[in-house]
Amino acid sequence: MTRGLWIALATLALLPFASHSQFVANLAMLTAISAALGQAWNIAGGFGGLTSFGHVAFFGLGAYADAILQTRYGFTPWLGLPAAALLGGGVGWLMGLATFRAGLRGSYFALVTLAFAEAFRILANSIGITGGGSGILVKLHTSAGNFQFADRRAGYAAALALLALATFAARRLAVGRFGAYLMAVRENEDAARALGVRAVRVKSAALALSGALTALGGVLYVQSYLYIDPPTAFSVERSVEMLLVAMIGGAGTVAGPLLGALAVHAIADTTRSLVATPGVAPMLYGVVLLLIIGFLPGGIARFVTRPAHA
Amino acid sequence: MLEVRGLSRRFGGVRAVRGIDLDVPAGAIVALIGPNGAGKTTSFAAIAGFVRPDSGSVRLDGTDIIGWPPERIALAGMVRTFQITQPFAGLTVAENIRIGAFLRESHRNAATRLARELGTELGLGAWLDRPAAALTVAGRKRLELARALAARPRLLLLDEVMAGLTPTEVNETVALVRGVRGRGATILLTEHVMQAVTALADRVYVMAEGAMIAQGTPREIAVDQRVVEAYLGKGAAARIADG
Amino acid sequence: MALLMPALVGGLLTGGVYALVALGLTLIYGVLHIVNFAHGSLLMMAMFGAWLLAAKFGLDPLVALPLLAAIMFAVGWALYRFVIGRVAHGDDRAILLATLGVAVVLDNLALVLFTGDTRTIETPYALQMIQAGPLLIPLAKLIAFACALLLAGALWAFLALTDTGRAIRAVAREPEGAALVGIRPDRIFALAYGIGIACLGAAACLLLPSFYVSPQVGGVFVLVAFTVVVLGGMGSFPGAVVGGLLVGITENLGGLYLGEDLGPICVPLLFIAVLLVRPTGLFGSVR
């Protein structure tokens, strides 16, 4: 059953390459980025139970790292990838140490991440190196060396690569020792510590991993749209979307964010083709989130895969 | 192996633990008994790093471990169970035990194998792949024990693992704890089930109202007038002597 | 100095309304022990309500205040009864996510109903100033401040002196004990949530004459409200009032010294600092 699901997902992922439509490729790319970001959120929020409301902080940091390195210092945008991952990971690690040492959990952690994202947005809006409110424009010059592609399918391939990386990381969590420790801390921190689990370190590491992957998503965004400004880089909506994708698909499962991204984009694109009014699709996500919390806490993954516990 | 001196802890105006001394020699089984509210659980929590004592020292193999976080104490080889069981409710029973196994066994297949073997040995075989939340009270007690054992502690702290078990289950657990000692672990336990204390302990410490009021072999404790009168009440001495 | 006094006074006046917003939040936390992430969005909805009443029916916000507070009470009561209480099963994370879900629905509902435009209303007193020594104080803000503190006092009296208020406090402290003496906690929960949201109806009427409303406004206020509550101490009544005033002042001083762009960073930084350094806030008890 699970195996069949993965084959179906892989086939679905390859289909857009067969099409010459840039529209289809673009749609596929956006879905893959959503899934990758959702998976990144899932590593902290699902496996670790670290409900973040401000994950966009890492996305924005990655985006700005990439944009600043190439426009201000003339580095190749490929350098943006390791730089963003390091920055996202480092900030995630420090944010984790600071908040978890202070004993923040649950709702307090969610709110503090939101405050971090907001602080970063205001900072990006007011300092010189980020271009302030007018943002940073990356010069259009498509070439592989410049990490810009005329064909959207190449952009889609990059998004798929990130998704594969994030899913590989989630898979490792699901089977390995670090992931087991992370889930143990989520379920019962005191009991985990009594068995030698360094809870603060495990949670901080999960946030660092999640932050690094999220920051890579920011790089892909900049390389696709060649523009970043504070409201886009640090939008609350993107934080919420990452959470929604993971929660709707099934938080704490490997396949969840992939299914969630498909569901969210199916809702969005169907709604947009029926009603032009902005706001209708996100409103539906909110309703779906409420329904999932109320009636299907395991998310869609519960339908598709065999429940872990018979 | 474990040396506790002058351990004290107050909560607000209540002196929960008043300067207790306690020794657990390597290879021994030591019991800490006393009525509810005597301060046993607080003492345990302070020894295992979950509560910071106001004063006193706790030495593990000669090293003072006061102020160490619980995880560091566990890594040093002292592992505790909880009186109020603390399962990882969303994980399966096997996964629960595996968390303990990972302490000494970083390879996941080996840890899984160890966890399943231990679980089966403790009578949780039929439950291994079910969520821990589905266990009965007795099942949860066994899971506490299995998880702690999987961590291969040199010093095992058992906080009332027999409470809520049937007499048969108590006998099984007594045999099991003996087996653990047979494998070289040292054990400190708190217990209300006197039958288990008498059967297991080499040495018994008695607490009442936060203070240590007596110590000795189970037989000595059973006839100790202070214990009988100040704490156990009439008839209790006979119960202990009967085993 | 010439700039400092007006900034302090302006901050204090705005802070009075923040206090009222935060009172609702802290009441909900104190009684239900839930973190109501939908608070900002519900305030936004209330502000649109006040705007509708003013723009379409010519009702001055101060006149509409009791009506809107009553409407928001009903909205809050129903929201708890039929959505949040139903969906959440008493699990903390589920409740937090449920209130987030409500916020997402409301923000986008407002976008659908009112579009993303920014709206303001005109009142005869909007531009009036009162001379107080060297200071010019906007009348609308002064009225808002006075009303907010008056309402805070009334709410305190309600909780302290009436039977219903005592029942609410009993449930906040001892839900099981309250149930034993015949109080139905589920009813009290819906009631407390309703009262908490009614505060937003009142706050909306006080804010609108000197502020604007758009669907994004909820996001602006949610962090402010939580900063106030955390600074004062989650669940603390005097904490919410003092915290409200302090946050209002902090915001204005930030704008004064750090500039218009960087100034707003003071609120999230204050929030983070309080949580990291003193999570119990000024008046909170140690949990």
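Each chain carries a letter (A, B and C) given by its place in the written order, and its residues are counted from 1.
By our rule, a residue touches a chain if its C-beta (ideal position, glycine included) is under 8 Å from a C-beta of that chain, and two chains touch if they have at least 3 such contacts.
Because the structure is predicted, anything quoted here is derived from the model rather than measured.
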Answer with line, ring, star, complete or other to describe the graph linking chains that touch.
line
Measuring between Cα centroids, which chain is at the maximum distance from chain A?
B
Compute per-chain Cα centres, compare each with the mean of all protein Cα atoms, and return the closest chain.
A
Averaging C-alpha coordinates per chain, one finds the centres of chain A and chain C separated by a number of Å equal to 31
Length of the line joining the C-alpha centres of chain B and chain C, rounded to whole Å:
49
Could you please state the distance in Å, as a whole number, between where the Cα atoms of chain A are centred and where those of chain B are centred?
43
Please set out, as single numbers or ranges, the residues of chain B touching at least two other chains.
none
Could you please specify the touching residues of chain B with respect to chain A in the complex?
48, 50, 69-71, 74-75, 79-82, 86-92, 95, 98-100, 102-103, 106, 108, 111, 129-131, 147-148, 151
For the complex, give me every residue of chain A touching chain B.
175-177, 180-181, 183-184, 186-188, 190-199, 308-310
Note: in the complex, chain C contacts chain A through residues 35, 37, 83, 86-89, 92-94, 96-98, 100-105, 107-112, 116, 215, 219, 223, 226-227, 230, 259, 261-262, 264-265, 267-269, 271-272, 275-277, 279
Note: in the complex, chain A contacts chain C through residues 49, 51, 53, 98-99, 102-104, 106-108, 110-112, 114-116, 118-119, 122-123, 125-127, 132-133, 236, 240, 243-244, 247, 277-280, 282-283, 285-287, 289-290, 293-294, 297
